[in-house]
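If you scroll down you'll find the structure; I have some questions about it.
We call the chains A, B, C, D, E and F, going by the order they appear; numbering starts again at 1 in every chain.
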C-alpha cells in the first residue's frame, strides 16, 4: 500500500506546492483534484490541480514529470460532482467532465479516476434508478475502453438540510453497491472506499473490505467521531452533521488496526489517501500541512 | 404504576371482549382506541373500541361501567392520525376528531388522550413548523379547557418507503420535544413515551425519563430488536423496517430493568401499556392474547 | 412453542411419575427417553421411560393415553448413543435401536426422534466421514419412510479426558451441519438445537436459528456458564469441563431473550425442552423437581 | 435456598403483621429485627420485631409458633449498631445488646445473628484495629459457646457527610474480611453477604461467593444503581449517596443470574433475604408491601 | 498544541540540562518547577529549575534566553504546595511563594502559573470552604493584576494513608470546579487539566474538555492504569495507590485519541506537558530520559 | 527492554544480511535461528543463521563481532523442534541438537536459548508426562551447568489437521507451566512468552506477565486476529488456522499497551523480538523487510 492524500485540502497551492508537501511529509502518492476551473460549489470542491480541459500529451507529461521528480506517484484523478443532479443540463456538464477526466487519466498513463454516482436527493433510491441506468453504463463503457477503473466513493453527500433527505450520491451501502455491480458488472469500476462514512451510518466498516475486496479501486483514509451526546438529542433522523464530526485518522471511531489488518489480508496493494475534513485543522495552510504530517505519523504504524 | 395494553391489537374484539382479555390476563388498565368508524388506513389504525362520535353521557357511563365491572381502569383514549397531513382538508378531519376524543375523555372522567403531532412527511422539521404553530396551540388550549392532558407518542411513523423521508409525526426526539414545549408551555400536554422508538433512532432510551419526567403523560411498553446484520447492509439511511423488528417486551433491545428503575425514581405512577406490534404473534386472536399474557408475565417482574 | 423437559433428569421415576411432574409444574410436553433397558453407560443415559423393544400398538396407545390424561404432549422420543462408535458391532446395536425408536414413534403417532450422529472420537471429522456416509443415509431413509423427522443434537459429547480428543458426536457446528445436510438432503432430519453447546465452543448461539430455521426439528433449553478464571488457566485445548459449567436456563451465558426473539421470528412453533444437567440441583429428586419448576418460571417470561 | 426479607421495612407492623405479609407474598422466611425498644437513631434502625430484652423461654416459643403457624422460617435475628463507636460507653451498650440477641437466638433455636463489626468513622481501618481486637474475640467466643453463627453485613455504612470519611462498619472488602477471619478464625462467624455494597465500591460482586463460600452465614438481596451522570460530577471521593441509588432487586446493577448461578454452585442452601431500601417504594405501607411482592416475583426466576 | 514535559522528573539536572533534554527529545516546551530551594517534602516536589526568590529582570531574561537558544518554549511555571494546609503559618509560606512565582512569571513574560488549591485533608470539602474563600480571592486578584492565569491541577493529592481521608487539594471534580469558578469568576484562573486523575476517581475524563473548554489554562499528559484485581480486594474506600498505578502516556487507561480529538475540537492550542510518575522508569536518569522520549513518540501520533 | 526480531523471517539472507536489516530498521537485537543445516520440515523452520554444529571459539567470536560491528545484540539462540516426537530416534536427534545450541550459546557468551518442550501430538498432556519427565530434567541440568536459561515458547504448535489433536508442544497454558516448573524447579528455564498464542486459546494474555514474572526468559511479539465470522462456523474444536490469522504487531487482538504496561511494571528488561508469521507480508524479501520496519514503528510507541 502507498500512503497518500487527497489534494483538495491544499486548494490554495498549485500542483507543484501540493507535490512538495507530499514529498516533505513523506507521502508516497497524491490523488489530484480535477474540477473544471471556476467557482467552487461547496467546501472541498472546485479544486483544480490538474486542468483536464484541453489537456494535451505535453501537459500530461509535464504533470507526471513534476510528480516523478519528487518521487511522488499519482494515485488517481479525482472529481466528485453529482452526475444525477435533477437538472439534466447540469448533470450532463458533470458527465461530460467525468469523461474528460477519464481521458486525461489515460493520457497520463493512470488507471484510476474517482468520483460519485450522484443522486437526485429529493427522490428515493428506487426512484433514482432509472436515471442511474441511463447515465452510468455508457460512462463505465467509456472508462473500460480507456483502460481506466472508476472508483466510486461511498459518501452519502448528506450533511445538513441542504442535501436533505437523500444526499447527492447513491453509492452509500453494501446493498446499493451490490445493485450497482449487478446492473453494470464491468470490472472497470468499483469503490473508492472510505470507512468513515460507514461509521455514522452505523454499519460495519471492516466487513466490506472482505466482501468487496475485488471492487477496491482506491481507498480514502478519513475518520469521524460519533458525538453520542448530540445523537441522543436528535437521533439518526437528524442531519448527520448534527451528531458526528469528521476528524483526522486516529482521532475518530474508525478501527484503523482492523482496517489495515484486513486490507493486508485481502492483498490490497493500492493507495490509501488521507482525506482531511477536520475543521479543527483548517484555520491556516500551516495547520492543514500539520494535519497531513500528523495523519501520516498516525497511519504509518499500520502500513 | 398500572400495567395495561393498547386495545388496537384486539381490533376484532368488541369493547367487552377487550376488557375481558384484560381482566383474564391480569392487567389493570387499557388504552382504548377511538378511531372514527370506517376503513382502517394502516395496520393497527382504524380501531374503534369507543365511538366518540355522538357519544353522550349515557354512552360514556356505560363504557366506564363495563370497565369497572371487570376491575379494569381506562388509562386513556387513543387516536393516532396525522393532524399535519399535507392535504389540509384531510388534516382538519383529524384535528376535529381529536377534539371529539378530548371531549369524550372529559365526559368519561378521564384525564388522558394520546395522539400524534403529525407531519407533512415530504418536508423537513423546520418546514413543518409553521403548520405546527397553526394547528397545535388551539388544540392544547382546548384540552386544557377540558381538563385533559394530551400525550404525544414519540413514534416517527416512518417504516417503509411509504412514509419516506420524514415520517408522519414530528415528535421524534428530545430536540423536537423541547421545541414543542417551548412553543406551547401548557402543562396540559406531554409525552406518551415509548422507549422502543429511541432504540432504532440510536438514542439513549432511558435519559428522557429523567429529563422529561414532568412531561410523562402516558407510557407505552413496546420493544424492538435492531438487526445488525441487516443494518450492516443498508445503514440508517435505509428504511427503518429494513433493519429493525418490533418485538414483545423482553424480546428486544429495551433495557426494561433500567426503564422501570428510572420510572420509579422520578415518581411516575401512571399507566404502562403494552403495545403489541410483533408480527410473530399476529397470526391469530389466540396468538395475540398469548402475546399479551406473555408481555404481562415479563413486565410484572419489574413493577 | 410448547415448554417441556427432557425426561432423563427423572431417571428414578416411572413414566407416570414423569408425566405427573410435568403436569404439576405447568409444562406442556416432555421428551421421553427410550434407552434399551439395562445398565446406563454414562450420566443421563440409560433411562427408559418408553421401552420401545417389543412395543406394540397397545403399549403405544397406553403411553399416549397416560400423557393425554394429564394434558401433556410428547415432544419426541429421545435416545442418544454413539452410532459411529469405533467398535462396529457396538455401533450396529445402537443403529438398530434407533430404528426401533423411529418405529415406535410412528406407532405412537409422533413425528420426532432425537439422537446423535455419533463419532469415532479418536479420529478427525474427515476421517469419520466414510462411516457417516455408510451409516446415516439408510437411517434417514428409514425415518422418511416412517414419516418421522430425526433431530440431531449439536452436542460435541466431549467433556473430560474420556472422550478426548474428538468427542462422540460429529454434529457440532454450522460447518458440519451444512456438510451433513448436503450429503443427505432429506427434509426428514435436522437439528435438535441446544444453544448451550455453542457457548463453550465460542460460537454465535443465535445466528443458527436464522440460518437453519428450516432444520429446527426440536429445541433443547440448557444453559452453561463459561468460567473465565478457569479458562484462563487451561485454555480451549483443556477439557471442556475444566472451564465451563452446565446450568439451569437463566443461570448461564445463553441470551434467552435473543433466543426466543429469533425463534418467534422464524416461526418456530415446536417444543422447547429444558435439559437439566446442573449438578447443583442433582442432589435429590426434590431438588431435581425444583430445578424443573425454576426453569419453567424463568423461561415462561419469554414464551 | 429460602427466599425471605428483612423485617425492618415493615417497621410499623407488629410481628404478626410481618409474618402475614411474608406468608401472603409467598416468602419462606424472614430476618427479624431485634433493636432494643426506643427511638430509632437512623432510617431502617430501631425496629423491634422481637424484643430480646428479658425474653424468656415462653416468649421465644411464642415467636417460633407464630412463624410456624404461617409456614414461615426465621432466617436469623438482626441488629445492626456500631459496636466500635468512638464513645466507649455507647459502644458497650451495643455490644451488650448483641450478646442478648445471641442469647435470644439460642433460646429460639436459631443459629444465626446478623450485625455489623462497627467502626470509629473518623479513623482509618488500621487505627480501628486495636478496638476490633479488643471487642470482637470475646463476642465471637460468646456466640460459639451459644452455638450461634454471627453474620457480618458488608455494608460500609457510609452514605452522606454524616458518616464521612470512614463509615460505621469495618467489614467492607475482601481485604478486610481476610484480616478479620485471620484475627479470629472461629467458624462461628462469617458474612451476611450483600452484593449491592460491592457495586458502588467498584468491586467484583460475584467472586466473593466463591472465595468466601465457607463464610456465607446469611445473604441479603439488595440492589443498587450507579448513576454515572452523577458520578461524573463528583467522583468516588464524593459521598456515596451522591452517585448511587439503592433499588429493589432487578432494578439495579447486580447480576442476579450470576449471583444465584454461583450461590448454587458453591452449595449455599441458606436464606436470601430481600432488603428494601428503595425510596421510590417507601411512600406507604401498601407500596412497601408491593415492593416485597415485586422483589419476590423477580428473584423467584433464579431460585 | 505544543508538546512539553513537567521538569520535576529531571530534578537532578540543572535548568540547562532540562532544556537540553527537551530539545534532544523533540519537545516544544517545558513546565519549569519553581519550588523554593530546600528539602523536598514529597516525591516530585522541591524541584527548583527556576529560583523565583529574588529573581530580577536579568535572571528572568537569562532563563528565557537559555530556552530560546534551544527553541524551547516555557509552557508555565509550576509550584504545587498545599496553600490550605491546616497549619496557617505553613500555608502562609506557600501562599506567599505562589505570589512570588506569579510575579516571576510576569517578569519572564509568561502567562501561566500552575499550582494546587490545597486542602485541610482532615476536613470535608464543605468544611474547607471558608478557608478557600479567605485564601483564594486575593491570590487570583493578584494574578489578574499581573496578567497571569493560574492553572489549578485537578489532582486529589490522595495516594496513601498519609493524606487520608481528604487529600491535599480541593479541586478534584467538575462539581468542585463549578463551585470554585462560581465563587471567583475571574477569567484569570482555570484548570491545569490532567485526565489521569479522573480515571481512578471513576469519572468521564473526556467530557470536561468540552464542559470546561474556556477554563483550560494548561494540560498535563499523565496516564494511569486501574488494577482491577487489586481494586476487587480493597474497593474505592481503600487508598488510591492500592488499586491504581501511574504510567507513561499510552500505557494506561486514558483514551488519548479521544482526548486530542476533543482538545482539537474546542480549539485548545496550548501546551500539553507529559508528567512522568511511572515508577518503572525512575531507576536512573537514563531511564527517565527514555521515558520522556517514549512519551513523545506515543503522543506525537495524535498532535 | 530491547526491540529485536526472530531471524527466521529472513531465511534467505545470510547472517550478515540479517544483522544489516536489524541495524537499518533500528532494532537493538536479534534472536538467531540455529537449525541444523538441511531441509526445512515446516514453514519458518530449518533456518540456520548460526551453525552450531562444530562451532568453535573462533566461529563464535566471529558471530559476536559481526553483530557488535552493527551495534546489534543477540537476544538468544533459537531452535524449535519437537523433542518429545513419538519417534524416539527422531526425538533424540532434536534433544542432542538442543544441547549443541546450549553449548554454542555458552561459547558465544549468551545466556538464552529458546525452544519447545515438544509433544507426542496423538496423546493427551497426561500421557505425555512420562516422556517429559524423562527428557527434560537432564536438558535443564545441562543448561544450568552451562549458565544458560532455556526459554520455552508457549506455542501449541497446532494449526491444521497435521498436528491434530494435541499439537507439538506441551507448554501451552499457565496450568501446564505450573506443572513444568513444579517438576523441574530450576531457575535455568522459563518462558519465551508470546502473547498471541493466548489469544486464540481464549486465555488472558496479560495476567501471565504478573503471574510468571520471574519465569520470563525471553519475549516474542507476535499478534493474531480472531476471525469471529469463521469461528462461528467451526468453533474451537475446528483447526486453529480455520478461525484465526497471525498478524504483525498492532494488526491483531493483542493489547500491546497493556502488554508493555505490565512488562515495565514487573521490571522485565530483556528482549522483545518481533516474530513475523503474517502471510500478507511474505510475498517477497522486500515485503518481509517492510514488515519488520512497520512492526518496529508500531512497537516503539510503547517501549
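Assume a residue touches a chain if its C-beta (ideal position, glycine included) is under 8 Å from a C-beta of that chain, and two chains touch if they have at least 3 such contacts.
Every value quoted in this text rests on a predicted model; they were computed, and no experiment measured them.
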item: Labels of chains that are neighbours to subunit A and to subunit C; value: B, F
item: Result of counting contacting C-beta pairs for C-F and E-F, higher pair; value: C-F
item: Rounded Å distance between subunit B and subunit E, as computed from the means of their C-alpha atoms; value: 54
item: Rounded Å distance between subunit C and subunit E, as computed from the means of their C-alpha atoms; value: 64
item: Chain centre separation in whole Å, for subunit D relative to subunit C (CA means); value: 43
item: For subunit A, residues that touch 2 or more chains besides their own; value: 301
item: Complete list of chain pairs which touch one another; value: A-B, A-E, A-F, B-C, B-D, C-D, C-F, D-E, E-F
item: Complex contacts: residues of subunit F adjacent to subunit A; value: 225, 245, 247, 250-252, 278, 280-281, 294, 297-298, 301
item: Residues of subunit D defined as touching subunit C within the complex; value: 257-258, 260-261, 264-265, 267, 300-303
item: Touch list for subunit E against partner subunit D, complex; value: 124, 126, 156, 158, 161, 164-167, 172-175, 198, 200-204, 207, 228, 231-238
